[in-house]
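Let me give you the structure first, and then I'll get to my questions.
Letters are used for the chains, namely A, B, C, D and E, taken in the order the chains are written, and counting of residues starts over at 1 for each.
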Amino acid sequence: MNSTNKLVEEIRQRFEIIDVIHPDDQQVILDIDKMHLHTLLSHLKADGFRQLSLLSAVDWIKDNIFELVYIVFNWDTGVHVLARVKLPRDNPRFRTITPIYPGAQYYERDVHEFFGIEFEGNPMSYKPLFLELWDEMPPMRKDFDPEAYSREKFPERVYVPHFVPKVEVIE
Amino acid sequence: MTFDIVVILMFLGAFSAYLISKASLKAGAYATTVFSLGALAVLLMGRSEIGSEFSVLFMNFEVTVIGWYFSGVMVLVYAMTSFFNSFWMDKMMYPGSYNFLYLFSLAGTLGLFFASDLITLFIFWEVVVWSSTFIIPMGKSRRAAVVYYTISSIGSMATLYGIMLVYRISGTLVIQEAFVPLKEDPLTATVVFVIFVMAGLTKIGIFPFHIWLPLAHGSAPHTFSPVLSGGLVKMGAFIAYMSVAILPAYEAFEGSLKIMGIPLQLYFLMILGAISIVLGTLMAIKQEDAKKLIAYSSVANGGYILIGILMMDQLSFAGSMMHLFNHAIASAAAFLAIAVVAYRTGTTKISELGGMIHRMPLTYLTYLIAIISLAGIPPMGGFVSKWLIIQGLADRGLMFMALAAFFGSIGSFLYVFRPLAAVFLGQLKPEHEHLKSEPLMMKIPMVILMVLILYFGVLPKWLLGIIGEIQVAAGIEPVMMSGNTILAVNGVLNTLNVFMIFGFGFLISLIIFLLMQKSRRVGLMDTYTSAEFIYTPELYHYAGAFYAPFERLYQNHPSVEKFLGAIAWKFHELGTVVNALFFSHKPAVTVFWTSVILVMITLGGAGI
Amino acid sequence: MKEVKLFLGPQHPGMHGNYSAHMYVEGDIINKSYALPGMLHRGFEKLMERRHWMGNLALIPRICVIEPDPNEMVYAMSIEKLAAIEVPERAHWIRMIILELARLAANLMSIGGIGAPVGLYTSVYWGVADRDLILDIFEKITGARVYHMYIVPGGVRKDLPEGIEEEILDLLDYIEGRLPEFYDLVMRSPIFQTRTRDNILLPEEVVWELGVTGIGMRSAVNREYDIRKVKPYARYDQVEFSLPYGPYSDAFTRVDFKYIEMAQSISIIRQSIEKMPKDGPVRAKIATGSALRWQVPPGMVYSCVESARGEYGYLVVSDGGEMPYRIAVRGSSYPQGLMGVEKYLPGHRIDDASLWMDTMGVCAPEIDR
Amino acid sequence: MTTNAKDVRKTWEKIADYFRAHSIWMKWYCTGCGAIEMPPTMTSRFDMERLGMGPMATPRQADVLLITGYLSAKTLRRVIYSYEQMQDPKYVVGFGSCTLNGGIYFDSYATMTRLDHYLPVDLYIAGCMPRPEAIMNSFDTLIKMIEKGEAKGWKHYQENHEWYRRNQLHSLKEVYVKDEFHE
Amino acid sequence: MNLVNFAYGLLLLLAAFVFQTTLTGINRKVVARLQRRRGPKFYQQFIDIFKALSKGSTTHGWVFDFGVIMALGGIMATAIFIPFGPLKAVPGMDNIFIIAYVLAVGMLGMAMSASGSGNPWASIGVSRALTNMLAYDIPFMMVVFGLIFAFDSSSLSGLAAIQREGGLLGWNVLRFPLGGIVAMISLQGMLGKKPFDSFIAPAEIASGPMVEYGGRHLGMLFLLHEYSTFIEVSLIVHLFFGGGATVLEFMVKYAVIYTFLNLVSNVLPRFKIDQAVTFFYKVPLAMAVVQTFLIIFLGMGVA
């Protein structure tokens, strides 16, 4: 825990950290106010965390918030830092981090598509990516029911018997 | 006495066309057609009068076989192209003058081919140069006319100097006699030969004088490009023929160093021809503009013609003479086809076009047959002539010429196919969706040319007969034919048999095709797109940079244009310096520098 | 219009998997290109939230079909971290054997498959046939050829069958003997070298900009950046292996590195078989919940392993329930597959587009999920 | 058509069916996981070419469309487009349980559940994923079906095109998407 | 030229088709062995062709059909010119230059039809195929030029007969070894086998010109392929391996050469098109020029 402790100490001196969790000895979760996220990431990037491993979101529907998780990685020390910020669920907007990590562009587009979180400053993120002609709420939100959607979109239909193609199932 | 009438009539026709144009532009344009068709008819009927002599004012003419042959080719091209004139009347800046100059230049070429003394030759040469110089800028660019005139004047000056030189030595200007004394004097003969040939080279567009061709052909009016490429370029071949056959070069250079039996002087020219073939081919491959592309192909084909003429033998010479005709009509047909496209769409840029076959199938067919002939594929005329040239080369063992010839003929597939694929085939652009088919008046010459190209590819006997006469006149063995079989030293070619076997193969293939299940017709956009959807036909048409990987191999080549451009730029800079030094806004500076130079000249003169 | 819009995929022989790159081509140079993912999108992350922790075992390997085992491993690792389960020693070693065999299979397929974009089909035939022998071993161990569901939270599903060690060693000997043949056929071919050397470069700045990992990263940044080294999981810290790295990454180097890595995988498996405890439990009990409906303590954890294409990770969030609250997947080829295609495929020739996809290691299913 | 001509036609079709059965070119659309078992089937170990089968580059050239696994809505559009570009007679083989009933993705919002609502499937191969042996076996069955003239899915598609089209439109909204969204 | 010639030609066409297609089938088996598998039945190629012909097809307009007919017709006409061992349909027409140029009709038809489909992949394929032709044909024609100069004959059967007079050592491949090598490399290019098959590269341009063909069009294309293979390999057999005094001799030589080239092709990757051009102009062209130079100026190898 030495390396992460030192890192956390250093960060605590500079930033207001709401909470720190250590899931394992090479991983730190930092809860941070969304005002400070960009400076934190810039700091981390300068500190050797040159890779953005993942950007994702969690829908805490009971608390009515979205939680964005930025996972950055330092290849020299092998430490993952998970920086978390909370956004209101009603009007989820945040600023892009593409100036810091250019690779975040598609992750943001991904999150926008699946959660509906908007990233200001990343015009590309407003375009759909994986889904085509999607007409429902963003599918990864907890209140979206995929099964019902599937039933409605891809229903079991009844064949008119006289033209049923002969289907043979083997094995 | 029909030929003098023709020449005079053409001049009168030129003026009357101008006057008619003042009344009605269309009528003026039709007048060009009528007059040139009339000239064609007279020429064809007057074949029996070959050998007659006549003179008009101080100019003397003689109708030789070669002159008759050349003028026939020329008038044919002029006549066919003149059908197109009426469509461009409202687009031309000076349509009346165009009609005038069109016939005037035709008259000039006729006079040139029949001239029996050198002065007449020179006069008509100038007539042609001047009239075409004024036509070219009626298209797009003035620069093209300047380049054309510069290169032409090199030729004119060379001719004039050559004439004076010959006159000094032999004291006569009659073509048949003037060159006789040169046989004894190889050195002067070389000089005269080089001077005259240089004039020919400038017209035929052989390296390094090829730079005017693409510029002039590319920017001349669409109706004049076929004439330039199919007709006027052949004047150069005529001059080259004269220098080789009438001089006669082989006898004059008997004593000089020989390579594979070819005198060094001629061999050097052949190398220029070979370079032209390779260069023309390479440049044509990378052209973006269909007209420039065909223009560069004229450079390459000029190379073939020159090599064949210089060989002065049974096969290659005959091939070259035949190629002259084949190239003239094929290139004219190709240019006309492009002109139709340009008339309907307003552009000749390859990458801006596409799918024209769906709107003008006849134009497509014309272009197809023309390029099959240009590329030398049977059963079209171009094949016979190229076959003859290559057989001649193989007979002599001229391997580097053959290398260039092979490169040129296979390379020609590449460049002729590009407009075919990108202009006529492929996706039709949305903006060309409502184009109309070609007008009737344009169809007539295209059909005639198509038939001619095919006819002389299958039955070249008549044409080769005339060429045999030319060869006899030039004192070489004529090309041999038995029935429809051309007999060469290394092999025989029966064009009719080739055509029949072709038909047979085609028939079998057609039967196979028809026996099988009928096809379902689908649109052009219902095509393989890797299962993705595309809605923009213009984005699904491969036209730009067609041979990109190949073009990249020689994109940084040295070129004459670049070299000349660099020199011009240097002069321009020098001019700027001189301007800055002497003609600045302060008169004192000018006075100062002038006096410095004057002082230096004085001192220098005193020093000596 | 000088540009042509061409599609590399989804149904193009040059594209592996159901993926598409839209290319604007002038002549043969790609001017602009965009990736069109999502043809393989199944909504995994959503489906995982709707299955029990155990039910997900069947689902997760299907995320990436080419190399499914890292999925099982990261999933197991995450649950073990959240529930603080100690994995038996023997299970660690068995996991390593499975993972390395899987890596070997993936690399074998990929070095055989490099024949497809360059037109050397014989290598495809050989490579896939040899890979099949590894699948036979898998079948003997796990009962399945492709989707094994073998690495489970708490260990592995069952112990190795008797005598499988010898079979694995025999197979390794065989594959080791085949590698030089492959090398002669593909890598030593002068034509292959003219096509791949100094072509399709991946400079170091691009690696950092995009976040490329795996062989692409190691060949460009000249460091041994591998999760197995930097952040060892299982018992990778107890075996000796060294991975190739270099400062200059062209297509040839990246393929070349795969050969070296295969040799290293073989060595790791041999060491594992040697060092593995000969018996002992292979599966720890999941502490809470019933046998089928586990409950995992609440928390959030990110765990990652090194797949054949780079860092492969899951972000697992649990709210203490019977189902995962959220699982986010980091596919290892996500950066090069999406942003790489957009920014760094342009400038290449269409001849190389397929080779680009292949040597950059773009794997569609793990991008689409 | 006279009876004589009909007989000729019938005999001709029979001969043609023999050829069609023994030379099946496939368009191997890697729609999903099933694609991973195709290389082993095609290459040295199982050597599908023994049956006269081989991969082809484009749908125009192919006889059989292999749907190797689940189909997301996005893929389904492209598969239908590909199928319609193929030449008659054409056959469809569905791989794995995903094409049968959605398989493990039965409740996914992105994937369809039953392929024969959208395309006429001649043959399904069960399993997740089907092993190469199963694939070979199924191709053997397909060959027999074609020989007997039983694989008539393409005719069904022609005859009941409206029904299929209605299903397709219901699930996909548009089959031919004007798809420029990502640029 | 009379009806007998045509009937004879038709027979030769049939024989060439059966021979070459069987050989292709056998070669598929041979290659399968190289790739450690069994491979299809030896008559698989026949089934493939007839199947393709029997299927339905789509067309993109008349030039799409016309091009295919023209291509197959041109290639069949060329095949009639080719002597099948000692057998000739039309005497005196086996001039090498005629064959070389007639062959181009087929190419042009094919290219036209492919471009007529309106598919850019096809056009790219055609542009590559033509570039490829520019690359391989020039060294080949150079060598042929030397041969014609050496023996004063441009007739295939004539050249073959001259070689047979000298026995095994009279074969041109032994008399002019450099030329022989050039011809074999060029043949590889003509046949469109690897490494010179970038114009049909499936992974790059989705099989190039063939991209839109199906049904009878594709079947005719396969026929065309068989015939053009027959023409090209026969050219080499006649020019460099002494042709055939008997039909059997010709067939054996032909089969050996074809199988050899096929095996070579299966262990090589493919060149990019510009690399192929560079290769042809660097190595074979230089060799061809040297060979021709030796023949013309030194008379080396000319008996």
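FYI, contacts are C-beta pairs under 8 Å (C-beta built on N, C-alpha and C of every residue); 3 or more make two chains touch, one makes a residue touch a chain.
Please read all numbers here as calculations on a predicted model, not as lab measurements.
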| item | value |
| --- | --- |
| Subunit E and subunit A - chains in contact with each | C, D |
| Lowest number of touching-chain links that must be crossed from subunit C to subunit D | 1 |
| Maximum centroid distance from subunit B, chain identifier (CA atoms) | A |
| Of D-E and B-E, whichever chain pair has more C-beta contact pairs | B-E |
| Chain centroid nearest the full-protein CA centroid | E |
| Intercentroid distance (Cα basis), subunit D paired with subunit B, Å | 57 |
| Computed distance of Cα centres, subunit C from subunit A, in Å | 22 |
| Whole-Å gap between the CA centroids of subunit A and subunit B | 69 |
| Subunit B-subunit C separation of Cα centroids, rounded to whole Å | 63 |
| Touching two or more other chains - residue numbers and ranges from subunit E | 35-37, 54-58, 120-121, 124, 202, 206-207, 211-212, 215, 272-273 |
| Junction residues of subunit B - those touching two or more other chains | 526, 528, 530-532, 540-542, 546, 549 |
| Sites on subunit A at which at least two other chains make contact | 129-132, 139, 144, 146-147 |
| Pairs of chains, among all present, that meet the touch criterion | A-C, A-D, B-C, B-D, B-E, C-D, C-E, D-E |
| Residues on subunit C engaged by subunit D in the complex (per definition of touch) | 10-11, 13, 16-18, 22, 34-36, 38-43, 46-47, 50, 58-59, 62, 65-66, 109, 124-126, 128-129, 131-132, 135, 145-147, 365 |
| Residues of subunit B defined as touching subunit E within the complex | 260, 355, 357-358, 361, 364, 368, 372, 375-378, 383, 386-387, 390-391, 393-394, 397, 399, 402-403, 406-407, 409-411, 413-414, 417, 420-422, 425-427, 489-494, 496-498, 500-502, 504-510, 512-513, 516-517, 519-528, 530, 540-542, 546-547, 549-550, 552-553 |
| Subunit E partner contacts - residues on subunit C that touch it in the complex | 4, 6, 12-14, 28, 115-122, 125-126, 129, 185-186, 189, 191-192, 194-195, 349-351, 353-354 |
| Residues of subunit E touching subunit B in the complex | 1, 6, 9-10, 13, 53-63, 65, 68-70, 72-81, 90, 92-93, 95-98, 101-102, 104-105, 107-108, 111-112, 115-121, 123-124, 126-128, 130-131, 133-134, 137-138, 141-142, 145-146, 148-149, 152-155, 206, 211-212, 215-217, 219-220, 223, 272-274, 277-278, 289, 292-293, 296 |
| Touch list for subunit D against partner subunit C, complex | 27, 29-33, 35-37, 39-40, 42-45, 55, 57, 59, 70, 72, 74-75, 78, 82, 104-105, 107-111, 128-129, 131, 179, 182-183 |
